[in-house]
Amino acid sequence: MTARRFSGRPSWRPNVAGFVTVAICVLAWEMTIQVGIFDYQYLPAPSAIVRGAGELAASGELITATLHTLESVFLGWAVAVAAGISLGLLLGSSPLLRRYSLATIEVLRPMPAIAFVPVALLLFGFSIQTELMVIVLPSLWPVLINTMGGLMEVHARLEEVGRTFRLSRSAILYKVFLPAATPAIMVGVRISLTLAVVLAVLAEMVGNPEGLGYAVVSQQQALRPDLMFVYVVVIGLLGLALNALLVGFVSMSFPAASAEFKGPRS
Amino acid sequence: MKRGELDVFLRLVAAEIPPARGLVPLLVLLTAWQLLAPGPSAYFPAPFEWWSAAVLLWDSGQLLPAFAATVTTFVEGLALAIAIGVGLGIAIGTSRPVERALGPLLEFMRAIPPPVTVPIATLLLGYDVTMKLTVVALSAIWPILLNTSSAAARVEPLLYDIARTFHLSTADWIRKIVIPSIVPFVLLGIRVAIPLAIVVTLLVEMLTSLPGIGALMIQSQRNFQSAQVYALLVIVGLFGFAVNDLFAIIEAIVLQRWPPKAPLRPC
Amino acid sequence: MAGGETTGQQHRDFVFSCRSVSLKLPYQGGSRWILADISLDIRRGELFTIVGPSGTGKTTLIRVLGGLTPCTSGSVRINGQEIAGPPEGVVIVFQDYSHALLQWRTVYLNVALGIEGQVAASELRSRVVGVLRLVGLEKNADDYPWQLSGGMQQRVQIARALAVRPAVLLMDEPFAALDAMTKASLQDELLRVKQETGCSIVFITHDIEEAVYLGDRIAVISGTPGRIERTFDVPLPKPRDQIITRQSTEFLKFRYAVHQAIGGMTR
């Protein structure tokens, strides 16, 4: 069975104006520093950043740091997604459980992730577990809430269809509710991934001294702004790349869900 | 506040609060922790110890100034972010060519996690309060700016025709149509910006040891004063919770006049 | 038709039977009667239309017949057995097809919903293909509902219901959301399908002409709470034709009578 492409989507027009703007900014930045108009000790020229990238790639530091951050992100995110979906399914299908847990979620959710860093350091010291403790809990919330919400918002008609065909309760949950809630769940999973990246970097900046976050801080303290910016750019690219991969993966597996998944910008 | 308004206000507040029995899991956890804790522990001090540590901090005069410093930075940074974010957002959003041109640039800036801006700002601006404020504002500005510009660019096209029919000036167009249309989205952007601002404020304090709760937390952790660490965690948590709830109430009050977003369930 | 004892003979002729069905639902703190004292008998193999203005509880009646909502008093029987929950051999076709179809499943899998896991694979395949052929959608088996037009989606829903070989098809204003031409073509298709499968149909509508065109018998429901005002036999000649039948004096006579029974209200 082949799925046809979702009809009615406009084709992507290359944003020439946009790229030109970026190109101009980069060029202007480079020029002003080369020519010497703007000689700020700690603002490196783009060319210096590129040279720095080469330096770090050659020495292998860039790869090591990136791999470490990726490891934390994936481990933490995987746990958050598994826990979030399980809890979300549980709460989404039981009004009783919801009544006895929503307030707790409301109280725990606004806890700033960074506040966990000192506690994590206390318990785990300098290790990847510190990062994981900081990543997992805040990343769990979007998945849980979207799963729960997705289930609760399944159209009443779908449940009635299940009942008019006399499907068993578990069949209705599995064949009707779960697929219907999948677009919402995927949105939560996507938000969670973006969050996990930010949290990993955060935990590495003030917690575990490894990975891209730590690299940024250490280069800042070593007064090497060119190298620092290399890591900044890599972090940005990492976030974009992971997001794009996830969107691509979901588009392929769930053609019907993907239109909603791509969603509005934050 | 008139009688009728008070009722509305209270009803809005009540609507934001989930049933109290939802706190059961939390209370069970804390109680179990308290009962099972084997005396003063380096890793898992009991909840009552957190309270003692908090009282100690208050009495020693450390807590209040730190809290004040954090709150001040947070509020000022957020206010700055709102002022600039909304202004710029409207300017960008109402001009199609500008929005398209700045699009990829803004997208890339957005991809940089806010925490990462802290070391950058530290290098460029040095270790002082101005830097702290700038960094918080710079991080909090993105959700506000992006939501505002995106909403301003997506004002109902029909309203544009209506403005032309009534010969509205650009100033009127922005004041009477664009701004009211984007209010729900601006509020959404602020709602996202708030936790961001809190995190960055604490982050700066932790990284630079500028005065604030964050600095206090790191200091306690380095001195292995675990009960103090947990106590400060609770304080930060309560602060975050209070701010978010307060904003939810403000949002509910402001949005009374706007149509509800969720479609009504068919009966 | 109204009241009286049902003899054994009538039991065999009537597939569906309600006696004094009344229903009240919770409403603004108290409750409200939606249906009052509904008694109907549906004969085997007939197309029974129920027509009435909005708000008379027609949809609620279908839900009671379909076992989705229990009645407050009275009884509903299928083949003499009182129902408790959705009865076997009865399927509801809903008005909002886009919400009633599983948008993430292909047409083929949607139609299979009622019988998968209950019949052998070969039987399932032949039934699904057979019923798709019946509604003229055999070429669309691998499409997704959201790729099809409204009329086609509604045909998928009908096919899905027919796949389980129901004794009674309950249809809740199935063509109300479609444009006039699609509606007319689906009306004829329904008549043809009923001819080929021989199932009984209870068809709810607010469109008087549709009710007269399709029905073997019509029940007029009106008032709040809804009551059956009158029941008519509609012995118009078959096969019915959109142009010829609708112009005939008989048709106009029935249309007038139904209109009067509703109380002269248009829709």
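Letters A, B and C mark the chains in the order given here, with residues in each chain numbered from 1 onward.
The rule is short, and it goes like this: a contact is a pair of C-beta atoms (placed from the backbone, for glycine too) under 8 Å apart; a residue touches a chain by one contact, two chains touch by 3 or more.
Given the structure is predicted, the values throughout are model-derived calculations rather than measurements.
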Original post:
Of the chains shown, whose Cα mean is nearest the mean of all protein Cα atoms?
Top reply: A
**OP:** Taking CA centroids for every chain, report which one is farthest away from chain C.
**Re:** B
**OP:** Please find the two chains that have the most C-beta pairs touching each other.
**Re:** A-B
**OP:** Could you put a whole-Å number on the gap between the CA centroids of chain A and chain B?
**Re:** 19
**OP:** Go ahead and note the Å separation of the Cα centroids belonging to chain B and chain C.
**Re:** 53
**OP:** Would you mind pulling out the distance in Å between where the CA atoms of chain A average out and where those of chain C do?
**Re:** 49
Subject >> Touching two or more other chains - residues of chain B >> reply: 266
Subject >> For chain C, residues contacting two or more additional chains >> reply: 96
Subject >> chain C-facing residues of chain A, complex >> reply: 1-4, 6-7, 155, 157-158, 160-161, 163-167, 171, 175-176, 179-180, 182, 254-257
Original post:
Any idea which chain B residues touch chain A in the complex?
Top reply: 17-26, 42-43, 97, 100-105, 108, 110-116, 118-120, 122-124, 143, 146-147, 150, 192, 195, 198-199, 202-203, 206-207, 214, 217-218, 220-221, 224, 226, 229-230, 232-233, 236-237, 240-241, 243-244, 265-266
Original post:
How about chain A: which of its residues touch chain B in the complex?
Top reply: 15, 17-22, 25, 40, 42-43, 98-108, 110-119, 121-123, 156, 197-198, 201-202, 205-206, 213, 216-217, 219-220, 223, 225, 228-229, 232, 235-237, 239-240, 264-266
Subject >> Partner chain A, residues of chain C touching it in the complex >> reply: 66-68, 85-86, 88, 90-92, 94, 96, 99-100, 102-106, 108, 113-114, 117, 142-144, 146-147, 164
